[in-house]
Amino acid sequence: MDHHPPPAPPLLSLVGVSKSFGTVHALQDVSLELRGGEIHGLCGENGAGKSTLVKTIAGVHRPDAGHVEAEGRATAFSAPADAQRAGVAVIYQEPTLFPDLSVAENIFMGRQPLARGRRIDRRAMREAAEGLFARLGVRIDPDRPARGLSIADQQLVEIAKAMSFDARVLVMDEPTAALSGVEVERLFAVARSLRGDGAAVLFISHRFDEIFALCDRITVMRDGRHISTDPVAELTAGDLVRRMVGREVATLFPKQDVAPGETVLEVEGLHRAGVFADVGLSVRAGEIVALAGLVGAGRSEVVRAVFGVDRYDSGTVRVSGRRLPPGRPSAAMAAGVALVPEDRRQQGLVMEMSIERNATLTRRWSLSRLGLLRRRDEERAAAEWARRLQLKAGRLSDAVTTLSGGNQQKVVLAKWLATEPRLLIVDEPTRGIDVGTKAEVHRLLSELAGQGIAVLMVSSELPEVLGMADRVLVMHEGRISAELSRDEATEESVMYAATGQEGRAA
Amino acid sequence: MRPSRPAPSDSPAQAKESEPIMRERIRFGVTAAALAGVMLAASACGGTTRGDDGGSGAGSGGSTAEADPDAEIPEGLAISFLPKQLNNPYFTVADAGGKEAVEELGGEFKEVGPSEATASSQVSYINTLSQQGSDVIVLAANDPNAVCGALNQARQAGSVVVTFDSDTAPDCRDLFVNQATAKDIARTQVEMIAEQIGGEGEIAFLSATPNATNQNAWLELMEKELAKEEYSGIEVVDTVYGNDDDQKSFNEMQGLLQTHPDLAGVVSPTTVGLAAAARYLSSSDYKGEVALTGLGTPNQMREYVENGTVEEFALWDPANLGYLAAYSGASMSAGRITGEQGQTFEAGRLGEYTVRADGEIVLGPPTVFNKGNIDDYDF
Amino acid sequence: MSGTDDTGAPAAPAPAPAPAPAGTAPRTRTRPPNGAGPPPERVEEHGGGDVRTGRRIRQVRELGILLALVLLVAVTALASPGFLSGQSVRDLLLGATLLTILAVGQSMVLITRNVDLSVGSVMGLSAFAVGLLFVSFPGLPTPVVMLAGVLVGTACGVVNGVLVAAARVPALVVTLGTLYMFRGIDFWWASGRQVNAADMPEGFLGLARISLLGIPLPAAIAAAVVLAAGWYLRNYRSGRELYAVGSEPAAARLVGIPVDRRVFAPFVVNGSLAGLAGVLYAARFGTLDATVGTGLELEVVAAAVVGGVAIFGGSGTVYGAALGALLLSAIDAALPMLRVDSFWQQAVVGLLILISIGLDRLLALRTARRLRGGGSRGA
Amino acid sequence: MGPEVDTPGTSAAPAPPARPRTGARTGAALRSLLHTREASIIGALIASVLAASLLVEGFASGRNAGFLVLDVAAIALIALPMTLVIITGEIDLSVASTLGLTSAVMGQLWVLGVPLETIVPLCVLLGAVLGAVNGLLVTVAGLPSLAVTIGTMALYRGLAYVVLGDRAVADFPFSWTGGATARLPGTDLPWVALLIAVLAAVFALVLHATPVGRSLYAIGSNAEATRFSGVSVRWTKLWLFVASGTVAGGAGVFWTLQYGSARADNAFGLELSVVAAVLLGGVSIFGGRGALPGVLAGVLLLGTIRNALRLADVSSDVLSIVTGLLLVVSVVLPTTLARVRARRPRPAPPS
């Protein structure tokens, strides 16, 4: 590492911060120092509490215990505006744009340059926006509305917004997930120039290469706790993984070998304009097939189209030889397809409803007689699955919001396993859940495959893909760019195919 | 992070149905079919068409007892006024007249009514009055038929029902106190407009609602009156309806004048319409060019009479109308009259009145107001 | 033309060529200091599609209404030449005044993803308050009474705003409740009284007759309100923040916008404008009772929606809403001219609303498709 | 009854999963019932009925009960499907106009000499079609139901005027008009009370005890997750709008016969009363929460208060104020209470 951080006082620090949501302890006694002229990496698995930490710094959440210090003085950010005033700029994982407003306004909302009479100086605003984009090396029309921007462009607008703050503290929560290599390089250049100006940067990423390339110090979190903070020179990727996971990686993915049976799912020539094209794949009974690729490559869209919640323009989907009508989830369910969607809170669960009602939502008709629901059967069915999946819940009549992420995911799994599917599609099955539950989910998927269920798994976590899958399909820009057997699949081969680089993959 | 995706679309039903949804749909289908079946079966057996049964015949609360012209009007008679709508100044004045009469008679006066002039809300109030055991209900009906059922129930429960201003079907009330015979009203208005436009030219009517009982009767009689030889120079070119709504009347008046550039005069046989029309006229270029008359209250019209927009207009005194209605109801309740034609009764300061055919009592010819006498009236 | 107008306000003055003095934007840096940024080696084109599409479509939306308006006026004028006479145009403008003012206020509320159904009641309350003040305190100067009328509206707006912004109750429910409450208070207060033109000073009633360059004063006031609101919404931070709040409330909180205050303020402004509308109503119509403005709320929402203000917030301009109000008023005025049965009027308005929201949806889908530019990133 | 009807309230009766003992279950169910919005509305209804019986002369009589039921009949009928519609997060403001259009068409058909036995099913069918138009605009065209039904509210009312103008058709045979308000044998209650009760039972059963009803709550809380669970959200919503239109059409027929008068302006503004009653009954305007018993209580509470105040000679002006106040308080109070409660520390959750 060529950069040595000067021993400056921290611009911003968290001191013994704790934060809980219901029964979930998102942060427990976390302390962290962000020094000027330093890029600080933050690593941790999904659900380790990184996003909560970011929102605490941003003033969205108020800590239950502990406090935030800005330049050595304890402060209480009660609203995002307070944090902004203290010079904190945040790029969130999810873009937070106003679709109806122009790009320039999105960047400068609330801080628009003013002309005489406190009137917004539109020309100055547009020029400033253009200047920011020039620094990022992209050209986005500042006058177009944000609606319809691609995820990457939205992310670029967010970055421009954060740059426009002249922030003393810049927090970037997985900003690179949707960016291309060139864009990532530019972002890094911006981050380094901010560091050169004496700002503090907190950088969160799942990509170790980026972390090691950019950061000066790295903090690891796990299960809402601070694990370690070390200068980057003293760490290896292996150290990081061990600290993040808390145990050896190899034990995590217990996929049993099963002789694959007949073909359950067969997809041919699936096409949707602008989203995915010419997708063909098949999954056999007892097999786990992983669909890998970068975020935005179109994997979730493919499995949603297969299940019928999204439409597709052409192509066929067959389950056990019978063609599924497009756009009809109920038909897919009847054919024995289950989809555990990627966004648990939005797509997987009805958060306000009770655990048992969520768990039985897919089986409303089979649990009723003469068209009337039988509450006792419902309760029994829910209790049965709660037991089988070792659900940790107070009462099954409590709302699902009271559960931790991992247990919520179990409810989603229960809801779908209860339909006794032939084909189980899981989209990011372990995103945002704790390590213990993660292992349980992996064991469960493996068991299910062992029982002859065909599993199609979309995952962005390479270790998971490599550990669990019998075959790996890699998508790049809406097309399947490689099909790798278990032996062929390595981090390198998958990443090459996922980033669309020629030669090495398949 | 996910790519932004287009709006989700689950296309509507196609060929094959899946199990649960299928059942869902079948259930809906069966229910709908059953419902339709029942209805068709009902319609198959015979049919009740118009003319089968001559309209809404109700139980007549009719007069069986003999009239006793000398019967005492008892003290404490509960007489309730139910106008078309509270907050309508015309009825506020009329009801005040009723109150005066009730106080003279030593009865209990009450004024209730809906905020909006609809028949359905009047029905609720009729029911309430009947439930309270009101002896006399004095009503101005919003709909001649819609209130009938409730009125007949009230009569069966012992209330005397007197309508004023706007009548109901004759078989669901005991007496109707008419402000003036329709003929008188029509003739007065025709005379006024003919004089103001000099006996010839185009005129138009600005009425209340197209199903307003009174206005329709007057319009018809006015047309008849205008058909006479002496009015041959006058042509009725249009009839528009302001719905007794100030702004609507205003707009309709405006429309009239624009569509008929040669219009010489407008007759508005409704107080709301006349006031709105006068207001429009007084602020437009047509002021003084186009004559305007009709039925209006002195207070509303005073300004326009004084500034020359309106020469003269007519109306009965609504206070007297309410006064007479109260006396009629009390007399009937006491048994002085039974509603038969030809019976007479004393109505306080107004003197003696005679019951005409169909239980109708007429207040008298309308009063014509002009610059000379308008300041003598305050209502 | 600097062309930075994303909302496509056709009537808005172009922003003055700004010299961008260094001091005006202290926290905004347009260039990296000491050239630390990366050299702009290769600039990528981003955003995809036709970059000007979004803006043009919003303009198309408002031009569409304008076109419809012009077409309607042209057809009507051909059928009935009197439609374009000075008096008629003045009447049309006067008729649109109240609706326009109310539509402006309603748009501001709608833009923040809320709705105010109580405007009709507020206007009625304010109008009656004005009348009663003139009756009760004849000596009071006219401007004071007018201000009082506006303040009555402001107070009602504060009630709505507090309930929505502070108590966080859905606006639809709150304003449905206050619709009843304000109307009830109005009825209760009026208790059957009516204020007539004669009760108000000539100077006040004359307001409606004053013309500025041929435009009636109330219409000029409405135009001023439209321009001021449009100017504010486009050119001031807090105005833009209203759009932000309506477009994406969660994001608005994250960027530090005081969401509650931005929700509260439009209710107060809308209340004040409803109060102003009440004052102008009193001046123009002169006859005031407690029923003024009944049922107006839906027409106001309709005007805004027809004018392209999204019912779920974030987009639309007051210019569009004003055009919508003008179009609806023109339809009112044109139907009698075209000899279309006035019964068709409401059906036409309903159809227009459905067409408008359908069109908005269609335009949004097309914009989205074009802006996405064929999925440059495969997503 | 074999299958148990769900207790009202969305947070359902808690039951320990392991030991379904009936006694404990009922107790728990009762306790949770006491905490729901519905319970407070039903409580308010009982209290106001008691108070009115004691304080207002003439309230506590069968005859008056009959009047009360007739007063709220149309609102009660339309409120039933409206509850379902609002629970899925949509709204139908066109119901009163549907009623008006049905009434106008009924009058026009009668004038044309069509037998009533044909008119009535035709009118109900017309209601269904009008509802389907709403439903299609919402589900297929993807437009917000608030805007759509404001549009069709104006459109349907306008068409009603086009059909019948300002005329009133009132010469329906007495056998029908009198029949509409006829009392059940041996009681003072009109037969429509029975109709309402039966329909309410059907709607309550559908909402609280069938898979369809379950999916309605799910749609209202999270339409996307419900769609991902294999429920056809569009299809369901379409049918709800059809049901809403059908009932409004039926209510139009009943209204016309009840008042013996077919007019285009029948039931003008009734949609606000219906929505007010439904919201008063504890249904969340955002969808996902609410129960039919609460809505019926809401309808009756409004009716009772209006009836009692009228009997007590309170002016109709005050009735408006009370209606509005009730609506605002019924929404503000629980929201505020919930916020106050949320600020207090929660009890430790069971683990």
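The first chain written gets the first letter, and so on, giving A, B, C and D; residue counts start at 1 in each chain.
Just so we're on the same page, a residue touches a chain if its C-beta (ideal position, glycine included) is under 8 Å from a C-beta of that chain, and two chains touch if they have at least 3 such contacts.
Worth saying up front: this structure is predicted, and the values here are computed from it rather than measured.
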item: Top chain pair, ranked by how many C-beta pairs fall in contact; value: A-C
item: Greatest separation from chain C - chain, by CA centre; value: A
item: Between chain D and chain A, distance of the C-alpha-averaged centres to the nearest whole Å; value: 43
item: Approximate Å spacing (C-alpha centroids) for the pair chain B, chain D; value: 32
item: Length of the line joining the C-alpha centres of chain A and chain C, rounded to whole Å; value: 41
item: Two or more partner chains touched - positions in chain D; value: 142, 165-166, 211, 224, 227, 230, 232, 268-269, 315-317, 319-320
item: For chain B, residues contacting two or more additional chains; value: 3-4, 7-8, 10, 18, 20-21, 24, 27, 86, 115-116, 241
item: Multi-partner residues of chain A (at least 2 other chains); value: 148-151, 275, 296, 298, 301, 309, 328-330, 332-333, 364-365, 371
item: Residues of chain B defined as touching chain C within the complex; value: 3-4, 6-7, 86-89, 91-92, 115-116, 240-241, 246-247, 250-252, 254-255, 258-259, 261, 275-276, 279, 283-286, 299-300, 302-303
item: Contact footprint of chain B on chain D as seen in their complex; value: 57-58, 61, 63-64, 67, 70-71, 110-111, 113-118, 120-121, 124-125, 140, 142, 165-168, 170-178, 181, 211-212, 224, 227, 230, 232-236, 239, 255, 258-261, 263, 265-269, 306-307, 310-311, 313, 315-317, 319-320
item: Touching residues on chain C, where the partner in the complex is chain D; value: 163, 167-170, 172-174, 176-185, 187-188, 191, 290, 295, 298, 301-302, 305, 311-312, 341, 343-351, 353-354, 357-358, 361
item: Interface residues, chain D side, partner chain A - complex; value: 2-4, 6, 10-18, 20, 205, 209-211, 214-215, 217-218, 221-222, 224-232, 288-289, 346, 349-351
item: Residues of chain A that touch chain D when the two form their complex; value: 22-23, 307, 309, 328-330, 332-333, 339, 341, 346-354, 356-357, 361-362, 364-365, 367-376, 379, 382-383, 386, 392, 394-399, 402, 415
